[in-house]
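Just below sit the structures, each encoded as structure tokens.
What follows is chain A paired twice: with chain B in the first complex and chain C in the second.
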Partner chain A sequence: MARLFRSTQQFGNVLGRCRTHACAATPRRSPVEHWWLFGLCSHKLHTVADGPKSCPAAAPGRLPFSTVTPDDLDFFRKILPGRTITDPDLLQSSNVDWLKTVKGSSEVLLRPRTTEDVSQILRYCNRRNLAVNPQGGNTGLVGGSVPVYDEIIVSTALMNNILSFDSVSGILTCQAGCVLENLTLYLEERDYIMPLDLGAKGSCQIGGNVSTNAGGLRLLRYGSLHGTVLGLEVVLADGRVLDCLSTLRKDNTGYDLKQLFIGSEGTLGVITAVSILCPRKPKSVNVVFLGCETFEQLLQTFQLCRGMLGEILSAFEFLDSECMRLLNTHLKLPNPISDCHFYIVIETSGSDPRHDGEKLHNFLEEAMTSSLVNDGTVATEESKAKTLWSMRERVTEALTHDGYTYKYDISLPVDRIYQLVTDMREHLGDKAKSVVGYGHVGDGNLHLNITSPTKDPEVLAAIEPFVYEWTASCQGSISAEHGLGLKKRNYIYYSKPRQAVALMSDIKAMLDPKGILNPYKTLPDNLK
Partner chain B sequence: MARLFRSTQQFGNVLGRCRTHACAATPRRSPVEHWWLFGLCSHKLHTVADGPKSCPAAAPGRLPFSTVTPDDLDFFRKILPGRTITDPDLLQSSNVDWLKTVKGSSEVLLRPRTTEDVSQILRYCNRRNLAVNPQGGNTGLVGGSVPVYDEIIVSTALMNNILSFDSVSGILTCQAGCVLENLTLYLEERDYIMPLDLGAKGSCQIGGNVSTNAGGLRLLRYGSLHGTVLGLEVVLADGRVLDCLSTLRKDNTGYDLKQLFIGSEGTLGVITAVSILCPRKPKSVNVVFLGCETFEQLLQTFQLCRGMLGEILSAFEFLDSECMRLLNTHLKLPNPISDCHFYIVIETSGSDPRHDGEKLHNFLEEAMTSSLVNDGTVATEESKAKTLWSMRERVTEALTHDGYTYKYDISLPVDRIYQLVTDMREHLGDKAKSVVGYGHVGDGNLHLNITSPTKDPEVLAAIEPFVYEWTASCQGSISAEHGLGLKKRNYIYYSKPRQAVALMSDIKAMLDPKGILNPYKTLPDNLK
Partner chain C sequence: MSGRVLVGVKRVIDYAVKIRVKPDNSGVVTDGVKHSMNPFCEIAVEEAVKLKEKKLIKEVVAVSCGPQQSQETIRTALAMGADRGIHVEVSGKDYEALGPLQVSKILAALAKKEEAQLVILGKQAIDDDCNQTGQMTAALLDWPQGTFASEVSLEGDKVKVVREIDGGLETIKINTPAVLTADLRLNTPRYATLPNIMKAKKKKVVNMKPADLGVDVATRLEVLRVDEPPQRQAGVKVETVEDLVGKLKETGRI
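Presenting the complex of A and B:
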């Protein structure tokens, strides 16, 4: 074991950890800035029976909503004194997404503090036919979190109070604007953790996490938000407050309405408070970084790991050698082990450090003896574990330095997930600068990313619809965890049948008949 | 340890296990048969603004659906030759619920084999305005699974094929009529288990489990069906087939429609197929039966258990000394330990027998040293573990022998769950024969059961609305896992605000405009 698994000491102090996509404390260059959705593409979409054909990510024409008048501003200033922002400089960062590929032109940002504030805003906007863009931490990757035109931005940033925490049951209730990392810190002091963890934790808000049904790094262990969210308070389009803020693990009284708002990207209501079931903080956490030569070996390692680590396995992530190259080149992160084709990050968390250590030891010995892995290193201390995690978490950041990034977030049967990367590489040939694959093996979730020096319609045309057709041929999902937002809305038919999309449209019409909530997002244009 | 924890050998062979509520192999006397819902109570309900006042469990008047004609029967016989049942003797058991408190008068039972069969049936019934009662294993406890009047019974019993199983991901896809226990046996051969387990496993069907969002004995460990069900195929009221039968762990493409049908008790659509994420079969299972003197000690034992057993804890159930008395008296089950006020059933399941044993040993030593528990016994062998489990699982059966049973399935903050039993006992005085409490401590779920020699309106009037008001005052749920069905539909306002119920009604109207699917169930009368 000693031969194979080096100490992390050698690189433990070299690397910082990017705790968030947009963390101000982490110096980073801006991603390449091309407002391509508003430049190269036509605003009008021509769709056909089996789905849209050309530039379906582009924004459709502005819908006939009202525009904000001085009277409207007077109203907002009256109910939100000092929290009705119209200064263009202050609005700028709220008008553009983190990837800087979608830019709106909103002239008003509202910062409610209470559910009643949100209710008043929506009641007014609905009456006046003013479109609204609900905004959390604005860390989304599909253009769902920013206005497309002049929608009024309703930010939940000031709704950041923890409402209650029950230390017996582990049930946390808080306002929607609480930043995920702050909740994590609050809980850790009380011997609990959040059931989800994301690279964007330093900026993303729990309301946005729930609205987008965020997956992240702990889904393998703690399951999806559809299971862990116990209650929601939601303001509907007309200002009605829907109180489903239950703090019970079980409640079978009528339809489970809160589920409608989990993952609907702010198009059906604005989530104002969340109650969520939190797991106990594990007493022992280990992180392992391994290298394999083939993806087949990686999958066999996953199977071995599930059998031998069982209930203490909390993450099984991977990145390929191309990701490692970008981490080395753009972020100067050294490879903690020798060069391999595939790298695995395994996390265990459990209640007994000795038992966890033994399980891990036995697993690693078996993986090594059976030649599934070529090299590896283990971290038991938190700082070293974070350093290893950063190899996985900072791939997104490294990509932004490599060029214009075409991002795909695909769910597939687990044995197919890397074939798509290989096929895409072959398909694109030298058209692309980099074609990389990483993601959550345990969830069957591949992040396929392709870069080119600048935004290139020819590259895009080569990637799409190839990537979607390939995914659909395996009954995969074209958006595993990022959602559809603006950019992917018209691709929905690759993963959902027409009957299902029609029903979604009926639900939208029922809950938001004027369509004021986050327009141009989630649902395809041809239904609007 | 040896002093306290006796071997289960002494009673291991004495007890059989009731594997199902309605298992034919388990001799049992019939529950007291009083068709009280159709006898003592008026069919017309008078409801007021804050909820119904009198006899709200009674059936409302028959809604103006069509009645079945010879032409209708011709149609059904044509599409379901040999599977259109009109023999009154054969229909009898499908017209009455397991508790024998609700009895319908349906004259037709249809037994489709395929989704297309169900689609044709519903398309026809919707056009003809014929009401339909979807029926699975008919093990429900709130009168949701049987017709109220002459609704056509559509049984999923013949839709019992397993469609696929992926042994890498553990994702099972099957038709809705598969019996839970059969799925469990199928999976165990493949080193997996179902994520849910119920006393009724020998009869209940997975489609019914999902339709009622069944909780059961493993929820503490594996979470609710909202998290583990990955996909559903549903036939809507008008016969349209909604294919959401995804087999992916992650899919954020549009609204998660399947969630609408989980727990909506067949009122929004008929589930015809399910895909579900199954956990690995644990390599080691231990069951412990403990006795405590006070409920406070029981709760402290729960907290200790969560901390020390951590990730291997898979169930924490309780029963009180009154339950034990009924088990002794009616089923002749001997108490495996000395007499105590409260009994706990703890199950652990994990991947390493030695580690699990050590964790359990340490926990038991601590619980004993700190005088939290008075007596106990441990089972590691499967047959003995089943024997201990039967003490918990057969309480429902014992109650049916004690007299007419008033059943309540309540969710509460965990530290309040036994107070309701104590308060109810005091409140009823000698009006009741027995007042017993048992249930899922880990989920905050109390099963409060009261018996009287025969059905007695005076006892009922003393129990209700007292039990619901008590529950509402703690923000509890008046139906944790049983659903609302016919019997509890009008109590919904005790757990859900008016706005939420109104939205449920909108959803029902959208999906089933004629209201043909499982009428008189789930939603309160005043909305229909």
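Presenting the complex of A and C:
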């Protein structure tokens, strides 16, 4: 099986060198480097049968890294006894991403327990020129968490110890492999919570969250990881351990190196420990589910919300009626209120139930009497609140049951968010099965998702680059929080100028000269 | 028939909350802990409101026995569609000792006073798991009872009740007035919608004391001690079958 893949890779290498080639569809001009012609393209990696067609999201040819030898395996087995996995069945799940759209062919999975383990692994791999794919919870949505070819998977799954927690300052220090939900449960017992929360909390690990600068549902209130992460311990490409694991709230001594690694998607270093500032657990949490007729009303409700709920507002999410249809159909979750075109999930978090209840009551009364909102319901009990939240959190899951999903995570000016969804629907017409929009409208972040019964190059060709060009025309971001990974690396120019990308490339070359850390990801191909 | 239904709703610790025993083992910690309506009481309210929507009964009255905060539970019932509420105030030591016998005496007195056609309760409360109040209330009133109801249908002056029992389902027909207790599969409680939540603020909630109903809430029971269940021991992982057999022999299992 391995041999088959290797020969495919070599073939792919040859093909990869033929950059300019004719395409069936009309080539279009774009801000991206000129030799990428858009047209029919297949998301399949290493497919030779499709012929000389190329697409920005597909994998490039395999770079000339070394391949794993029996001597290498002996070394790994010596430093990680019982934690060097080569069984293809066990490797299966680590080679495929959560969306089941990207598959690698790694033959080695390593499970370090300590920072020292990781340091030894990277020092060895750097010397031997072996590519490495750092992997946390493998819940990423842009193909960044799985190997493209035979990169060695370094999993942080066993690095799940909490190192310390200071209950006065609320600063938590833990290893990178701690699962987000476990950290939240640990903190809740001590009257604190994690500053971020996302649907994947049961599987995602904090190291991965930091590497991708995950946003999530609480960003509106607690800010991004760039603000809440106080320190990091990172192992660099050559095995050196960079100890910036400070637990200080304020420290202006020199360049703030940790910011480089936050959001670097495992391409500049492997994060092994995190210290993070945690907020107090709110005494009073209310979740409100509202229904609006138009997006304008939704935005006005947001204004009203900001004004009347102010400092207790902790989340403002939206979903459209198409999302509700998918939740009803595929997950059998009933609509808590009557059918409306748009739904809002609002969460308030505060220290006084009476104070919050009053503010919320006033806001709801105003929203109803001014007819901004057609219908709604409130949950003050934890169990009901969870049910209302699941209407927003489980849309991603519902989509996976609807067919093959094309996911787009876009930052736009708030008032234009839904326009992209409407335009996309019109543009695709009958080609797509469902076109849905939902997301963190409070942060200006739209999750645009399109489904078709199976992976369809025609649908993809209709969506891209239309969606990216539309986004660029509003100076938006083509990846608000999901990162670039494998799938979006070549679209970076839609949102960043060439100078900026060139500087990123310099930094990458400085920190990882051999390019062994998570190759083929984040930065566009053919930079040098 | 009066067409009036009395629904009992109990304020309990929310089922999603982790329960902690007080350090002196006298009870569980309730201060500052999230409370909500007992899930089976929600089902009872939903059934009563459904009957009203079908125009089979005319009025739904929600009753709760407890401290000041029980009013919130009554408000939730009003937001779900109940017409008015009665708060029988019991607080402090009396509330800590309040159990099914006293509550059923209160409910029986109210059922007579309000000339209720039906009394619908949850089958049990999730804090004490007693499953006694419905049965005791029926006995005190000398009314028929349809407990563990998974289906209720009014037929003239009788009620057909499908009951969930160990062997399966039992269908009975009883006269009204009667006491019914709701089981899990009776219905799915509705969400209280905003318009109803707003309306509920204006509905009447009457306040009274057990003495006003001629009920003495003195208890004959004394709680000696409350303990947490024994901690679950962690499992042990072994590498080989030999190790497994060895460990089983060690602990005397084989």
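The rule we apply is simple: the second predicted complex is superposed on the first by the 473 of 528 C-alpha atoms of A that agree within 3 Å, B and C clash if a C-alpha of one lies under 4 Å from a C-alpha of the other, contacts with A are read in each partner's own complex, and residues count from 1 in each chain.
Here is the rule we use: contacts are C-beta pairs under 8 Å (C-beta built on N, C-alpha and C of every residue); 3 or more make two chains touch, one makes a residue touch a chain.
Quantities reported herein were computed from a predicted structural model and do not represent experimental measurements.
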item	value
First (chain B), second (chain C), both or neither touched by A:497	first
Chain B versus chain C as contact partner of A:337, first or second or both or neither	second
Touching partner for A:312 - first (chain B), second (chain C), both, neither	first
Which of chain B and chain C A:522 touches, first, second, both or neither	first
Touching partner for A:364 - first (chain B), second (chain C), both, neither	second
Partner chain(s) touched by A:376 [first = chain B, second = chain C, both, neither]	second
Touching partner for A:506 - first (chain B), second (chain C), both, neither	first
Partner chain(s) touched by A:386 [first = chain B, second = chain C, both, neither]	second
Greater residue coverage of chain A in the superposed arrangement, chain B or chain C	B
Touching partner for A:223 - first (chain B), second (chain C), both, neither	first
Set of chain A residues, in rising order, touched by both chain B and chain C	283
Residues on chain A engaged by chain C in the complex (per definition of touch)	283, 289-290, 334, 336-338, 364-365, 368, 373, 375-378, 380-384, 386
Contact footprint of chain A on chain C as seen in their complex	14-17, 32, 34, 36, 188, 191-195, 197-198
Residues of chain B defined as touching chain A within the complex	166, 168-169, 212-213, 215, 219, 223-224, 226-228, 240-244, 246-257, 259-260, 262-264, 268, 280, 282-283, 299, 303, 306-312, 349-352, 355, 358-359, 411-415, 440, 443-445, 475-484, 488, 491-492, 494-497, 499-501, 503-504, 506-507, 510, 522-523
